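Each of the next two complexes has chain A plus one other chain: chain B in the first, chain C in the second.
Moving on, here comes the complex of A and B:
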């Protein structure tokens, strides 16, 4: 394998399973650029990772870190004028970045599926639920519409919607938020995808409903053996589903590790700060008055004007001269644990 | 629950008539947003009102500030019954209430400079000269961490976290006794959330404020609250000190809510969630509104609505449940 990004160090290539054995999805040196009036903005800047069949990869980061844009780029759904400016995405032997629109469309909804944050905007308000869920089968499997509707009822039952025979005739506005997201999930898994992209699928839902949807996704993954890329700003939600977690900051991957390892031994100062700063129930001791939380000073730097070094350096308590001079490469901090930081212990 | 009550809400009810729809289907139905809520907020405390979408927490907050007129019930604030006040009396009372909303950008007028935005409540209440108001804006901006040099800029030039700082400065301008904060950190990123929560804690300590803090986020409430009221379907189902409610809940709904909160790290493959649907605001079941979802529900729960009382008597926690833990 050759790296398309000349700046990407070799360690990074190894970090992301560049050996390629058994990897379902391999993202290599992905770079996504949006032209803006104040110069090009690299929303995703040299991101490499891979997902094995049946594995759930969690991607966490704050607004604007590039986690959603990277997924949209992989699916060929980037909103113009955004464009992939470097890198490749290998899936089932093909480079998705170079695939023509028709071939990509045949993959999407079939082998590659996706669900987003807002189920209402993912559903057509004037088409019955059953037809929408069955549509995937009509398009990708050439199933007759009448049969597809029957299959849709079975799919709705599978995702935990009661009375599916009645529900297939209903419209999205007649369903609760949790049920709509279940219907979208039914649509996504209709063709038994090999890989499901879930971008903040529970962010718009209440916690009790969120717990149900997370359980459902994990159950479907276990049953069908599909892999999942689960994107969220919420560390706790990601930790509930993911086998492995990638932490992104300002368009780059700063850390990648198996889930338990990441939360027990976070190596990157940003990951550490993020874990310390997130309000967690029970962190404040019993009997103590409200006391201040740990916090990360400052805010994310403008990626267009950022210097050559680590993007987190300006907010980092451990930053030194070298951090501002050069971008730290991803290097091994433990077994399957990779961190992009000069200061992190390895 | 007596002594220094800054705010006392008694039997608050707020029903919204549903607009007649295009096909007149919704005629005559009512959204029962709040169904008899009573609580007291003591001077100097932070009371968190928690619950899920549609439980009525925001309606309670708005009714306290008289942004909605309650259908029935009383809201006593600093000894006055707010529901009896009209125009001038209400305006005078509102000087002592600061409001902070979820989306800072939409709660700040985009055409006003930050200095004007912060000083506007003072101008509305006719406090000080324009020069004094500007000085006060400087002082407040410094207190919330906005650079004085940025005061002549407009809201769009600031990030979400900074806008929320500006909104906080504005809420504090008229030196209120009570601050009502409705999901003040929910639209902010994790690293900015804790900055803004810290600012709120800091302001409360320095200015002796009291907070009515509305949030759906249990972890945020756990960090900031002295006492907690858990709402479900327009009612308070559990009320008590933060330690008791969040660490020894007695109402089955509180327990389910706490169990659903994902924890950081290590709870992969956690216990199964309850496969039930949230309540509808237009048609509530008979008896306890939680009974269709409740694992402990019995015949009594389907018939009689439980009162908010102290389980076992004597305890500080109140719960509206026939069979509390």
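Moving on, here comes the complex of A and C:
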């Protein structure tokens, strides 16, 4: 099961087949390009993955690896002039990339929803919380605004906000950070979407609140049976929620595996390095001099000037000549475990 | 609380003037005066008990004329400013939100309106025979038609400032994440524009609208002074000035009263606009 071109449909079809049919979301060879003054920049370059109903997929990678852009592209929310230049996104049988704007708009907020990183900037500062949370119902369920406000109170109670009848009349700046993110989550799940994109939903929150929000998301998923694509640069957070993890580097998928398998046997040098950078409590013996936190040397390659080989080669401790000559294809390193590396054991 | 009084003063002056203008019928009933009744035996009357500020060149009571004129000038100013604000807001939202060709088109339209030699155009517009435009004769020949005409003309001429302002605000607001979040909830373009962007741009719009009330009143008095605005016998501060110009040396009071009232109203509108900007805009300093 090896192919020289990771984006080739045959290899991908096999990959999808390996994880099982009847997927809720199937992303195949997705490519997102931003035209820049120094040439086109492929922020997402031939990415393929799938999510089954009720499953949580974690997408990890450092800033700028294309993990957020991929989610925005799937929802048709790419900021211009960015555009999907290749690939397809199958959701419940329809190709989201080729769907007309009106049909996509009817899916957004109803079957597909998204939570953003910073709840304060994702909420309109001059619209009461109740109106914002109920808005999805007004748009998709044709609920009257007064009724939607009552529904909003019920939703706020569901996500653990106390005194929701008072909260619906308040404005975002009157809520704490954790409450705001709860309100954003209530907004996203109002229409019981089949798939929720969560783009670093805990990054802007302090650590104690982070844990509560993660618990809430997990609880809502169990309740509603929705699937989730959880985007984060925080491996610890991803390991807590995800069933399967995709590791992205410079616009490409370098490794994909079930969560436990990935953390136990990371096959790609980048994944190994990422896991090593997670600080571990108690690793340093008491009284010993402080050790530096592990980091990955070098910088992410400029995707416009990258050569033909593996994009991680410049920072990779195991890189050899062949790594710089050709792009390593995704190949199977274990059951449902895929890795794009020549050096990885299979 | 001298600071608070200073801030509220312009608004208070305007409210007081509006209340006086609204009380015109009470004054007329109390003194038994018809503001449009000509009494040639009483021309250029001195202030007296029956006519507190005297009478004009046709023997009409000056107080009653000023109050009636205030009603016209203030309501024209308010309605035309509202109209200009509504047009400007619509055009600014559409241009800023959709961008591209529509933006270019609407902004060139705005530039054209700004570049138009306004006064000659208004003179032509004011001379248009409404019956030929299909307006029913009953309306076209009524006394109030000059009122409607001037509201529409000034409204159509003064939306440009608001349009540019709202476009600029919209350009900035549409990049905010809550707009992306709203689109991500399935909101359509018009919902995003009116539910999410418009309320965020309301502060500058209110300030601009207040400032434009003063401009519109000034504009109305210029047109009426030129004989193109409010037609006699309806009084407006502008056309009272017109009739006073011939007697400016013999009866200066006829020009001074409406002139001072225009000055007070316009100055207070501008002051109120500035005060509103200071107190509504969190970025302004020295509050």
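In this section, the second predicted complex is superposed on the first by the 322 of 346 C-alpha atoms of A that agree within 3 Å, B and C clash if a C-alpha of one lies under 4 Å from a C-alpha of the other, contacts with A are read in each partner's own complex, and residues count from 1 in each chain.
What we mean here is this: contacts are C-beta pairs under 8 Å (C-beta built on N, C-alpha and C of every residue); 3 or more make two chains touch, one makes a residue touch a chain.
What you are looking at is a predicted structure, and each value in this text was computed from that prediction instead of being measured.
> Who does A:47 touch here: chain B (first), chain C (second), both, or neither?
Neither partner.
> Is A:140 in contact with chain B, with chain C, with both, or with neither (first, second, both, neither)?
second
> Scan A:319 for contacts with chain B and chain C and give back first, second, both or neither.
neither
> After lining up the shared chain so the two structures overlap, which partner does A:75 touch, if you call chain B first and chain C second: first, second, both or neither?
Once the two structures are laid over each other on A, A:75 reaches chain C alone.
> Could you look at A:106 and tell me whether it touches chain B, chain C, both or neither (first, second, both, neither)?
After superposing on A, A:106 lies in contact with chain C but is clear of chain B.
> Looking at the overlay, does A:187 come into contact with chain B only (first), chain C only (second), both, or neither?
A:187 contacts chain C only, not chain B.
> Of the two partner chains, chain B (first) and chain C (second), which one does A:241 touch, if any: first, second, both, or neither?
Only chain B is touched by A:241; chain C is not.
> Looking at the overlay, what does A:123 touch: chain B (first), chain C (second), both, or neither?
second
> Following superposition on chain A, which residues of chain A contact chain B and also contact chain C?
none
> With touch defined as at the start, can you tell me which chain A residues reach chain B in the complex?
62-63, 160, 176-179, 206-212, 214-215, 218, 233-237, 239-242, 259-260, 262-264, 273-275, 277-284, 286-287, 289-297, 299
> Which of the residues in chain C come into contact with chain A in the complex?
176-178, 180-188, 191, 195-196, 199-200, 202
> Under the definition above, what is the set of chain A residues touching chain C in their complex?
Going through chain A, the ones touching chain C are 75, 77, 105-110, 113-114, 116, 118, 121-127, 135-136, 139-140, 184, 187.
> Going by the contact rule at the top, pick out the chain B residues touching chain A in the complex.
For chain B paired with chain A, touching residues are 46, 52-53, 159, 161, 189-195, 197-198, 201-202, 216-220, 222-226, 243, 246-247, 256-270, 272-275, 277-278.
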